[in-house]
Structures are given as C-alpha cells and as structure tokens.
Amino acid sequence: MSDIRQTEVPASASDRDILLEVQHLTKRFVGKSSFLGKTLSHVHAVDDVSFRIRRGEAFGLVGESGCGKTTVGKLLVNLLEPTSGKIIFEGRDLTAMGSRQRTALCRDIQLIFQDPYSSLDPRMRIGDIIAEPIITNRILPREKVEERVCELLECVGLANYMRNRYPHEFSGGQRQRVGIARALAVRPKLIVCDEPVSALDVSIQAQVLNLLADLKEQFGLTYLFIAHGLNVVKHVSDRVGVMYLGKMMEIAPKRDLYAEPLSPYTQALLSAIPSVDPASKRQRIILEGDVPSPIDPPAGCRFASRCFAKVDRCGSVMPALTQIRPGHWAACHRFCDSPLCDANS
Amino acid sequence: GGDAGGDGRGGSSGAAGSGGALADSLVYGQGAEPRSLDPAYYDDGESAKIACNIYDGLYCYGAKDAKVAPALAEALPEISDDGLVYTIKLKKGIKFHDGTDFNAEAVKKSIERQLAPNADSDMPYATFVYGEESIGTGVEKVEAPDDATVKITLRAPSTPFLKNLAMSIAAPIVSPAAVEKATGGNIGEAPCGTGPYKFVKWTKSDSITLEANPDYWGDAPKTKNVVFKFILENNTRVTSLLNGECDVIDGIDLSSTTTITDGGYDLFAEDGMTLNYMAFNTESGKCVDRDVRRAIAQAINVSEIVQAVYGKYATVANSVMPTWMASYDKDIKQTAFDADAAKKTLKDKGITELNCITYSNPRPYNAKGGQVLAETIQGYLEKVGVKLNITTYDWTTYKNKVATDPFDVCFYGWQGDNGDPDNFMNLLADSNWSMNVSRFNDADYRALIAKGLETPDGEERDEIYRRCEQMVADEQIWLLISHAQNLCGVSPKVKDFYYHPTGAVFLKDVSKQA
Amino acid sequence: MFNYVLKRILMVIPVLLGVTVIIFLITRVLAPDPAPVVLGEHATEAAMAAWRTDNGLSDPIWMQFINFVSGAIRGDLGMSYYTHQSVTAEIGSRFPATAELAVCAIIFASIIGVALGVISAVRKNRAADHISMIIALIGVSMPIFWSGILLILLFAGMLHVLPSSGRISPLLQPTGGTGFFLIDALIQGRWSSLADALVHLIMPTIALSLYSMAIITRMTRSSMLDTLGEDYVRTAQAKGLTRGRVNIRHALRCAMLPVSTVIGLQFGSLLGGALLTETVFSWPGIGKFAVDSVLKSDFPCVQGIVLLIAVIFVFMNLLVDIIYAYLDPRIKYGASKEA
Amino acid sequence: MERSEMVASTVQSASASQAAVRAADSDDAESAVGLGAGGVRAALGPTGVGEREVRESIWKDVATGIISNRASLASGIFIALLALVAIVTKLFPQILPFDPNVQDLSLSLQAPSAAHLFGTDLQGRDIFCRVLVGTQITLSVGVAAVAFSLSAGVLLGAVAGYKGGRVDTIIMRVMDMMLAIPSILLAIAIMAALGPGIEKAVIAIGLVSIPEYARIVRSEILSIKEHDYIAAARVIGDSNFEIVFRHVLPNVMQSIIVRATLGISSAVLDAAALGFLGLGVQPPCAEWGDMLGRGRNDLLRASWLMLYPGLAITLSVLAFNLLGDGIRDGLDPKARKR
Amino acid sequence: MLLSVENLSTDFPTKRGVVHAVENVSFTVGESEIVAIVGESGSGKSVMSLSIMGLLSDPGRVAAGTIDFMGADLATVSEREYRGLRGRDIAMIFQEPMTSLNPVYRVGDQIIEAIRAHERLSRKEALERAIELLDKVGIPCPQQRVRDYPHQMSGGMRQRVMIAMALACNPKLLIADEPTTALDVTIQAQILDLLRRLREQTGMAVLLITHDLGVVSETADRVVVMYCAQVVEEAPVRELFDRPLHPYTLGLLRSIPRLQDDDAKRLYMIRGTVPNPLEMPAGCHFSDRCDSCMEICRQRVPDLVEVDGHKVRCFLYEDSDGARKDDDGIAAGEARALADAETARQIAAADALLEAEDIRETEIEEHEGVKR
C-alpha cells in the first residue's frame, strides 16, 4: 500500500558516512499456533522499519514498552533472524551473508544489555568476562590480554584490583560498567545500548550516561541508544527515532524533534514526561487507553486507537514514513497530506 | 510309619466337640494364592489344599497315612493280571454341586479331558497322572460300560497309578456339565465337584470362601463356612493368627513357632512327604569325580545344620524316602562327617573353589529357603579350604537355571505327590535335567526304576528301591539333608485339624469352638 | 480450553504406545524364556514348545507386538500364563483394592500434608514448623516396607488393635457391587462391613501415604511461603482482611495450584509405592499382583499392569492439567504470555 | 512457549516428584530482601543484607551451605563416616570383630548383647558387622546409580534443552514414557529380566531415574538460556560449544549437585526396596534392604534383624536428604537474579 | 494533622546484624495533602510505608517512635483495630500492578471483598459500588470489566483497579508506593492525573512514594527526601526544587538529564554507591559520597534542622553543637554546596578527558603491535 519511493530510507549524508542502514526490517514472532503447528497469529514486533546511522553518531530509539526496540537491537547483533528486510553494515548486507561470515562481523556490533544482573555470568570473574571476547575473537595475543583488561576496567572507571571479583560483589552501576567494558573489548564500530540505565538508580544513571558519552568521544563510537524515556535519549543522542507498536513513527535530529515534534504520538510522549521544572512543561496531553497488543495489529495507523488528532484515513491506511522537513521524517496522515509531504525524496 | 504322631497336638486331640457350640466359620491362612481350582490346571499345594475340599477323587489316602482307600469308588479296583485293565465300581446317588449326577460318564470325561487330544499344554499334571502316549505310558482308554462302572486301560503296567488316582491334583472328578459351561473348559474359577464344600467366591489375591455342601454323600461337614486367606508374609500370617484373624495357618517359619506357642496357640508339626537335598553335578564340572563328592559330603555336618536351621522341626535325612513311607529303610548308610579327611582329599584333588546355585524362596521341603542352606554349607566348606560361590535365583528362574547353568552343586528338594517310592526314586532316572538336577545318567539305575514301576507292591518292590537308595548313597549323587515337618499354627478352639503329608487339608471334620 | 484439552489427550497416545514398547522390550526381549518356569516340574521340551506355540511366543517379535497392541486396544490383554484367566479379568478383580487404597492414601496425604504445610509456612521458624518439617523429612526417608512392618509389629503384633493384613474380614465382605468395599458397604448399608473395611485400611493407608504426605507437606510449605511473599497477599492484608482469610483465601488458594499438580503426580507414584505396601500388608491389589507376576514371569499380567498403571498415571496427569487449567484463570481464559 | 505447553512442562517437571518438591522447597529465610522494592531496582546498590546470591565457586557454596546448617553439617559428617566405614571395612576387613559373611550356627539369632551389639542373624553372623559392611554396597550403589543416571540424564537433558525443536520433543517424549511407569515397577521388571546382582541393580535404578535428571537439566538450561549473559556470549562470537561448556553447564551444576545428593537418597531407597523383594545382591553379601527382607521372616522372634538395617537405611537416606537440603540452601537458586 | 510520624525506627534483625531500615523518621501528612517521599532504592521508603500499615514482614519490627493517625497511635494499636483501619481509613497501592492483584479471582470480587471487609453490604450492593469505583478510575465498560481476571487487563488498568480497590471505603489516606514505576510514561501520566483528580474530588490525602523527582514535582505538595533510612530534607515542593539544601538533593536534581539542558554538558554525578546498610559510615550517612564532606560529618549524624519551613539534615546548616546556623551561615552553606558540586563535576570531566588521551595512545600502539 505504501509507495516505495516515499519509503526510501531517510538520509541526508553521503554514503561513506553511513555506518548502518536498515531497510524495511520486519520481525514477526509466532503468536499462537494451532494444534498441528500452524501459525494462527503473529506478533508484529518490528514492522517495516528503516533508518540509517552515521559514523560517530548516537541514534536514539524511543518508544513504549513492547514497541519492538529490543527486537531491533537483537536483529542487529544477530541474536534474531529478521523475517524480511536488510541490514547493511558498512556497505555489506548482513542479512545476505552466510552465518560464518556474519559471525566474523559480529564483533563490530556489540550490545549492552538492560539488566545488569542477568547479563553477567555469575560464575565468572569480572576479568574473565572482559577477557572472553578478546580471546574468542583472537584480538590480542594471550599474554597481552591481561593488560588490555586492566585498561578496559580503567576506561569504565573500575579499579584494577576488582578484576578477580565476581559479579555479585558489584552494584548495578558497576555491573553495567563491566557490561560496557565487555562490549568495548572487541573494539566494535557500533554499540547497541538497550536501555542501559533504566534499571539503575537516578544517582547511578548519571554515572553511566557520562561514561557512555566519554567513551563515545574517546573511541569515536557509534551508538544505537535504546530507551523509553525521552529525556535520557535526548541527553545522549544526536538523532532520535520514535517507535510505536513495531512501526517507526518519527525520525529527526534531536533538536528538531524536541522543539517541534510532528507525530501526535511523539507529542504525547514528550508531554507525558514528568518534568522537574514546571516552567518548561508543555501543554499536557493525556492519552486515552493503553498500547494495543502487537498480535495481528489493525491495518491503519498503529496509533490511531489512541490518537487525539486522527482523521478518517488513519483507521484504514498506515501512513508511510515521509520526510516532512529536511532530516525530519514522520509517519502521519496529517503531514502527508500537507504540501510539505510531496516535496521530499 | 505313616502315622508318626510327632508332637502335633492339634491333630491328635480326640476330644472333639466336647463342649459348647461350634462356630460356623473357619479361616485358614496360607502363604500363596492358588493357581486355579480346576484339578486339571494346577500343580501346586496351595491349590490342592483348597480343591481337595471341593472335589473328591475315585480314591483317597488314609486320614493320616498314604494307604489308598476308596472315595467315590465303591472299592479298590479290580486289576487284570497283566496289570493293564482297572475296573472300578462307583458309589451311587452322588450329585455334583451343580446338581448333576455323578456317574461313570463323569469319570470318563474327567479323565479324558486330560488325555490327548483333549489335553492342552497348560495342564501340568496330566502326563504325570495319566501318562503319555509318546513314551508308551499311562491311560490308553477309559470306558463306561454302565453308569456305575469305569474301565481304565493302561498302556503299560504301573504300580503308582492307583496312588495317582488318590491324589488331589489332576485326579479329582469334576462335573462335566460345569466344564462344558466354562470358557475353554477351564473351571479354575468356578469349581464344581462332589466334595464336602461348595465354592462360594474367590476374591483375587485375598481369599477364597467355601460353604458346606448340605448334600454331601459322606458325614456332613462340621463347619459351615470355610475361608482360605492368602497372606504372603510369614510374620504377617503369624500375626493374623495371634490377632484372631485366622484360625489355622500353615507354612509357618521355624522362627515363629515359639511365638505361636507362647501366644497360647497350638503348633501342629508332623513329618511331611518331602526331601531336602544338595545335588552334585555329575555330568560336568569339578564334582564329576565321586571322591570329590564324597569329600564334600564329609566336610558337611548335616545334623548340625538341620538342628541349627530347622531346629526340631525337621528330621535329618538318611534316606531319600520320608520316614513314614513303607519302603523307608533306616539302615542306609550315608557318608559320615569327617572334616579332616575331607580337607585332605579336597586338597589332593586341588579343589579350592566351587560354584553353587540356589533358590531364595522358602519351599515346602525347606522352610528357610535354599540360600540359607547354601550359606551354611559355604561356611563348612570354607573350613576345609573351599570357597563356595553362591548365585541365588528366585525360584521360578531357578528352575530354568538348574537345567542350564554350569554349576558344581545346587540345592533342590522334592515334595512327594502320591506316596509311592517311585515318585522319589525315579527323579534320578529322569532325562529332564530340571528334574534330575544331578544329571545322573546310569543304565543300571534306570533299569531298576523301570522294573520297580511294574512290580506290584510288596517286599520285592521294596527291595528294588532299597538298592536304588544304596546306589544314591554310594555314588554320593545327592547330599541328603532333611525331611521337613509340616508346621501349622492352630487356634486352641480348633479341633481335629490335620495337615496331610501329601499337602491336602481336609476340613470337613474340623470344627471350631464358638 | 477445548483445544488445550484435546491437545493433551492426543499427546497421551504416543506416550502409551512408548510405554508398551518399553515394557514389551523388557519382558519379551530381555527376560528369560517363561515356558519352563510356568510349566514347572514335569515339563518336557515338547510340552514347552507346544506351550510356546499356544501362547504365541514362537511368532516373530514384531508380530507378537502387533498382536499385543491390537489386543490391548480391544481391551484384551491376553491370558495369564499361570491361572489361564484373562489378564483383564485378573487385573479387574484386583484393581478396586488398589484404587481404594490409593484414593484413601492420597486423600489422607493431601489433607494432612496440606495442613502441615500451611501450618509450618504460617508459623515459619517456630516449633510447629520444625515439627512438621521433621515429620516430612522422616516421611521421605523411611522405606515404605520398613514403616509398614513396624506398624504391623506395633499395632497388630503387640497391641492387637488393628488387623495385620487384608482388606476386610472375608465373611464381612460385601457381595457383588463395585468391588470398592467402602462404597459397596455404604450402598448396601452394611455398617459392620464398612467399619471392618475402614479398620483394615488404616495401617496400609498410613504406610503408603507417608512418603506422599511428606512431599506434599514440603511442597505446600514452599509454595505457601512463595505466595505469602507475593504482592497480592500484601494487597489483601492492606484491604483489612483477617489473617485467616488472607492465609486461606488468598495465599493458600494460589499456593494450591502447584500443590494440586504434585498431588496428582503423587497419585501416580502411590501406585508405585503400592507395590511394596501391598506386599507388606497382603493387600489384594494390583501392586502385589505385579510383584508376584514379575517373579513368576507371568508376562501378560506384567504387561497389563504396567500398561494400566501408565494409563492411570498419564490420565491422572491429564486430569491434573485440566483441573489446573480450570483452577487457574490465566490458563482457562488463555492469557497472554506475561502475567 | 504457549500456555498449554507451559503448564504441561510445569506438570511434567514436577513429575520428577521429589525433584520438583525438593527444588521448590528451599529455605528462603533471608531472600526476601527489599520486600517492597519491586524488580531489579530492589537489588541495586550494594549487596543487600542477608541477601543470598550466587557465589563464585560452587564447591565453596556447597561447603557454606552444609556448614551453615547444623542438621546438614551433622549429616555431612555422618555420610563422611559412612564412607570411611565403607572404605576401611573394604580395605581392612580384619578390623571387624567378626567376619560379616561367615556363619556360625551355634550363634544363630542371638539378641543384642555386649559381644554382638546388634545381635546375630539366623546364620549366626554379627549384624553390627553386616550393617557396617553394608555401607559399602549402599554407598556404591547410590553413587554408581546416580553417576549412571546423572551422566545419561545430563547429556540427554542438555541436548534437549539446548537444541530444542524436534530433538527436544523426541527426547522428552521418551522420558515421559519412562516416567509413566512407576520407577520401582520398572526397576523390578528390569531386574527380573536381567536377574539379580548388584551391577544389575545399579543399571535398573540408574535407568529409571534418567528422566528426572534429563528434565531438571533441560528446564534449568531453558531458564539459563533466557539470561542475557548467554545472549552476550553469542554477541561476542562464542560458538555453541563454548557457550554450553563455559556458560551453561557451570550454571546448571548447582542444581545438578543438589539433585545428585538427593538422588543418592532415592537410589539407596530403591536399592533397599529391590533387596527387600529379594532382587538385590547375591549372598552372602550384606545389603541393608536384603537383610531387612530376610530378617522379616524372623521378625516376631528377633526384631533386631529388621530394626538395625531399617534404621541404617532410614538414617543414611535422611542424611543424604538433609545434606541435599543444606547444599541447596547454599546454592539457593531463588537468589539468582534474572 | 491526619498522619504524623514521629521518630519512627524500624529494624530488621538478620543473621549478619540488625538492619536499621528506617531511622528516626518524622514527617506529617495533612488532610487532602499530597506528600511525596523520594529516595534511592533501599533508602527505606517501602519499609516506612509498611510500618505505617502495620504490614512489616518478618523479621521487621517497629523499634521506636509513634505513628499518630487521626489520634490513634498505630504503633501500639491492637491487631483488630488495625485491621479495621486498614482498607477503610488508610489504603495502600503498590508498585507492581502485575502482581498486586490475586490472579485467581475476578477483579470485581477483589474489590467487593475490600468493601465487605468493612461495610455491611450485600454482595449485590457491593458489586454496584465496585462498578461505580471502576467507572470513577476511568475504566471503560466497568459492568463488563468487573468480571475480568487480572491477567486480562493491562498494567495501567490493573493499577486503576488497585486504586479503585483502595478507594473502596473512601479512605482518609492513600499510601501509594511507587504506583507508576512499572508503567510506561504515557500510562504514568494517566495514573498521576487520576490521583490528582481523586484528591480534588474526595479530599483524600496521599502519601506518594517514588524515586522519580519529575513525578514529585508534578504531583506533590510537599516532599520528604530520604537517604539511607533517614529523612535528609523536607520542604514544600517548589521550595525544594528551587532551593535544594542538602548536597544529596542537590546532586539528585543535577544528575537527571533535563529536556532543556545543554546536552553537551556532562551530567553531575554523585560519587560512589549507596552504602551497605550493615556498614553505614559512622557519621552522616551521605558523608562518603558528599562533595562538601567535612570533618564533623564523619563523626556525628547531623540533626534535622528547620530553615523557614524547610527541614534539612546537614552540617552545612547545623552548628557543631546541634543548633541551626544563622541565616548567613545557611546562605554560605548553600553556596558551598553548589560550588562543591560544580567543582566536582569539572574535575570529573577533566579526568575523563585525560583518560581518553591515555587510552587513545595505547590503542594506537596496540594496533601497530597487532599488525606487526
């Protein structure tokens, strides 16, 4: 139903700059299956999502629980097989590769997990956890591994002597640092941070966010930063994508997005953030109802059921992600109808 | 001496029915469930014990001996001179429990169902009692010239045949009408005979209930209801006696005897018709050498064993035949205990190790089970420098193994069927190794046995078996151990209880004080 | 819900077929030839051969299997080698005894087990808890056959207050009916029979249920402790409900979900335990029959019993699943995954 | 996993009846930290007080578990003693006052006395010595049967759990089939088919408990597979082999250890049951269940014949149960954070 | 005052020692006032609220202090009376809507149970009331929804049901323990909106426990900040955000990324982590992490002193003899706290920069090393 031309991947930079390009990425899980194993319904976890990440950029991905953010992350690091769509990393299509080749490329994309408790093997020492990827991928000769581990520990602000401790001896923030060090160990080009701070206390959050910012600067890393709070994403990322129920609703440079959100969903999301300063608070939009189930969602705009500005078409046709302003893409019938809409691509 | 009293008191108290009213039920506890109540289909004492109260045979044994007496038959048979034709007159006016008449036709049918071609492979005693065509023994035909006369023609003369007809296995007369009605002609669960008791019900694994047959042709049974309860565990059975749940129990373990007498209950103990022995493998292995067999026999103090294992409830066997049988001879000399001599011989022969197989379950001839014996003998042999390796099997498995395993010694025994010497002595002439576990194969011996079979009862016949006995002792085929006593616990209220050596328990005259 | 039940029922079939294969392999392939055992002392080779042919043992093994399975489907499990009666009848006449015992045992075990478990969870780390846990520990550690013998020794042998064996005094046995003496006696109004049957049941029930009771106690305790720590229990307390109501209506009700599963499974394992209990107490059920049959190489009976027990076990599981699904609305109303 | 299967698997996993219960029943004396503090945040900050978490070395945990609980410490010592007795009586049989296997009929059925602490049996053998020597068989059968079923069960469970899919279905269905036959009946049938003997008892007991181990290992692996650190290992490029051996198995170890300890207790019980039914050891070998089974015939006259072996069985089973409980407390799986 | 908690201390004796989960906490809640309690995880917020409800789990116990609720001292009241209060006068809702409802009963029945625990109503009347309540908390089609099981509802709906249940008997005080932490922001906005509306409609007071300062700022009238079992600061909400006094509050406020902040700036971080409750620093509990830590801070626990209706527990505002400093001293303290925080932030940033250079160097070396 959507025009290919319109759904071309939003980009405004030259190809060389593009580290990662995701095209029409779709992932469906089996929801219910019949007795004979026939699939009766699908969970549309990620549905036709496209975006690009430039080198050295931090791309934020926000959305409510269950909208498919983690699934996108897992697809990128090959923990899940996409149902369809392409993942082009440094010009090579990962989805078209054989598994061996793919594994070899794995080390270039690393993942930081949300839950610092379950992401570290409780039976391994911190030092070994960090050393493992180095050894597995034969990045350094054995005798140099130790040295490297020390550096990495230092990098993430942990003392050298902690190398011989086990994860349970650390606090959540410290564990998260270990997870970061492990991801850094293979010198990845892209790090997918899956809600790295949402399990942490406020006072610890800042430590980890600062660390991520520092590391990005130091190593020129590229981030895909997943979060469900817009304020955290804003602090970290350069551009932000907003997802809702498996669909990308809006992509824009941070400044544009926060200053002038186009999609009604983004607007609602922004207004819902409880703010410390009442002065900066925009008009509160309280959405009705809950996020619908991703199992066999309705045909129209995914957000239509809760939208405060919906028009007739919303119920039947999913609007395509369209460039409304330079670099600012949105999927909403309100804008597609506007003259701006035609001007793009 | 068939009526050797022993110290059994329950049986010999003559003052029955002296005081008070009689109870109308009697509970008899036994160790296992019968296989069947169709005489053609069981081979076990547990079944016979019950069935003998439901059925009568043409003949029966004396109340306390192995003499054959007429039962359904009018008198002892007329036997033709060649010993082949038996003419039997029947009692008249007797009815089966189902109301049909007992007559010559019924006898004919009862026997013929166990003859080829009617017999099936599940009839365990058919060939024993009625012979086999293939080896030219047994019944050739049965005729009923009139309602009260039966004529049985044998293929070859057989002295034990008459005794077989008195057995409570295979020989009892069943109602042809009932057989016709039963599926597969098997009345195992719906028995119907002419006996003093009628079958009422069989609760599987639990009990069988009988009730008095009001139309019984003989003296009326004294107790109205009789229940046979199956209680597997020995001590539980004893407990049930002491607890008043049972009035009589059998298969008592020696160790429980004091418990029973201490509890104020009577102990019935009389010699049975059994032999308990250790057999040497004469066909292969280390015991093929007779001297070795003798030496081993010398090493073992049988009377000590019997005393220790069975106490006073078994008699040391110095003859194959039980003491009370006519042809028993107390002068047969068995090898004497002499450990030193044994040690020397065995050393010379270089025997240091022997393989032994045995059975774990208690048997009628060995209440302690073969394992105890084996272990005991293991002890004696150790003292003469021989190691006995024991392998124990469950009885049923064991019966396979004695024919197939390469053992040096094994344990076995025999419970007599019909009180005839042939029944014991022909074991060693058998070519079936699970019967003849010593695998003894001697032409002279076999000739003697064949002769004994045809010779009519009398001194000549006794002499034949005496020679057989001596041969067994000299060749040291078996190490005879003991003749077991039948032990029963009896409530003092029960009068006139007797456990017949053939394993039958006739309850018709037994009464119980209320 | 319907789909769920259907699916579970269909899953039973391969399991039962597998059980048949396993037991067939053991009895017909591994085990020694039964002929000499069954035919006994006087059997000749020819007789044994004839017997084998009669009993279908000379057919190729796969054929025997097909015969057995096709027979089993028709409810014909063959003939006992020993008694020449149909196995179905042999088992059928003994099954009520086992069922009665097992049902009494499971009821006893559940009531006492749940009660002890609840008490010890509610009074955690107090004397009542420790006592219950000690009982439970002993329950799982004492061999059934030992505790059974001790009971007999004490109550029948020394105190003479309980009968040592059997289901009922034979002359009090209700005639006809279902074979379940308690039920028959009730229906027929034979109170002395009922009392006698109950008295006979006491010791075997205790011996048999001890192990299951212990398991249920432990399971109830831990499940109850889990639910007592659940948020909704605190919610219930915050509503101002009484302690008893919170413990029973909220905590126990939810704790019973896993416990009900265990109770169902214990019923299956009781049937296994019945093997030993019935042997010790001369209880005329299929457990004792199973042991006897195995020892007598009466393979048709062994196969029949194993199959029956497997069927009971599997259907018990099924029943438990269905009850569980019924008790737990999350399953009854097809919940989404998280919940 | 669909709901129905979830239930099915709860049910089935519980069907390793003891296993489930024992696993479920852990002393959560102190794991209820941060009661109101929902979710992960509660566990944040430094290691909470009294909070039990997975500790580094399994063996250290095992030791801590045992030592921190008086009952399990006592049973640990008791088991160590049993093992010592077994080894010493095996190596130096002359240390025993009487030869446990040599009969002396003159001493038949003596009541317990100073000379014969536990009395004598029918063959006049000293029951005390036989009980002591019985530890050899009890421990070796227990350990061997568990080792047998453990290795087979772990292998099958690991393959089923890790591979999933059809392999899983097939393996687990076969396990279901075995579970549907009461283990003691299956063991008896196997023993009847194989004939008596201690090795065969080990095989029979081992075989029948394979499904339990397979189930436990499988469900453990399934739950461990959910942990992010497995995903992390895959992301850094570990192969399946490395993941299984470096991350999965070490973390399954603890439940295996607990289960194995408790498994020994049920193996001892099963062995005793077989012995009791006369399907156990060959004479004159002393085995407790066998002694009990034989002693039962003389029960009314000589209650010591079944008293001491029965006590020996009960105590050692109890000890293994308590030990297992202690170890489980040390390794409390509930403390593992998800 | 509706509720006034005075010097409340709650202990958990454990094997490894006594955990003082709540130490000397005092605060008040007035009629229809929303008081927020903020603090890090483990700071004792939940234990404090459970102490008020009398629902402490083993081995917790109220060690000292009084909890005065409408004239009754809850710390000494009998279990029976307590039960009468719970659910009727004080209601409570919990953080996890997913697990706070009993999964095996219909939500309607659970609400009815709450009603009938305190009021003699027939089932039918109670059901009507339940439907009414569901309607009030904004659940669409309440007539049908009463028949739902909890699992058939989303998290937001369940939390509404919890609120409806809490409202069943028109309580005077609602304790809401992190009612929105588990929810999405858009749903959180709905719930907070609901709470505010209800307060207006029914005049019920709310004790709102949270760790999210944003929520506090938008919802509460007054704020109590807890750190390591103690109240470190208490103030009306605007006052607190405009003029945080305690270094911890200050740090907390500065460490959250705000929408209007300059993103390039590094966030302020509070150093270290929350201490283990069994190994509390000797003096001020925050001293280890405090940028303005002084000698005295490590020796004594400061008292809670009041500065114009604004209470704070810190030696920046308290003399060594325990008295509140004069206004100048307070201003100085305030200034110092701010300055220290800024310095700390800058130092940290500089450190990070240095480190970065270090690492870059070694990395270059390594790269070459590997190539060779």
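Letters A, B, C, D and E mark the chains in the order given here, with residues in each chain numbered from 1 onward.
Here is the rule we go by: a residue touches a chain if its C-beta (ideal position, glycine included) is under 8 Å from a C-beta of that chain, and two chains touch if they have at least 3 such contacts.
The model shown is predicted, which means the values in this text are computed figures rather than measured ones.
Least step count on the touch graph, subunit A to subunit D: 1. In terms of the stated touch criterion, the partners common to subunit D and subunit E are A, C, listed by label.
The busiest chain interface, judged by C-beta pairs in contact, is C-D. Taking the CA centroid of subunit E as reference, the farthest chain centroid is that of B.
The distance from the centre of subunit C to the centre of subunit D, with each centre set as the mean of the Cα atoms, comes to 23 Å. Here the CA centre of subunit A is 90 Å from the CA centre of subunit B. For the pair subunit C and subunit E, the distance between mean C-alpha positions equals 54 Å.
Averaged C-alpha coordinates give centres for subunit B and subunit E that are 91 Å from one another. Residue positions of subunit A touching 2 or more other chains, listed in rising order: 171, 173, 201, 204. Of all residues in subunit E, those that touch two or more other chains are 40-41, 57, 94, 96, 211, 273-274.
Contact with two or more other chains is made by residues 233, 235, 239, 394, 397 of subunit B. Across the complex, subunit D is touched by residues 32-33, 74, 77-79, 103-104, 106-107, 109-111, 113-115, 117-125, 132-133, 136-137, 166, 168-169, 171-173, 179, 182, 185-186, 199-201, 204 of subunit A. Subunit C meets subunit E in the complex at residues 124-125, 229-232, 234-243, 250, 253-254, 257, 327-330, 333, 335-336, 338-339. Per the touch definition, subunit D reaches subunit C in the complex via residues 1, 3-4, 7-8, 10-12, 14-15, 17-18, 20-22, 24-26, 28-29, 32, 35, 38, 173-174, 176-186, 188-190, 192-195, 265, 269, 272-273, 276-277, 289, 292-293, 296, 299-300, 303, 306, 310, 313-315, 317-318, 321-322. Residues of subunit E touching subunit A in their complex: 40-41, 140, 154-157, 184-190, 192-193, 211-215, 217-219, 241, 251-253, 255-261, 263, 266-270, 273-274, 348, 352, 355-356, 359-360, 362-363, 366, 369-370. Subunit D meets subunit A in the complex at residues 2, 39-41, 43-47, 53-56, 58, 226-229, 231-238, 242, 246-247, 250-251, 336-338.
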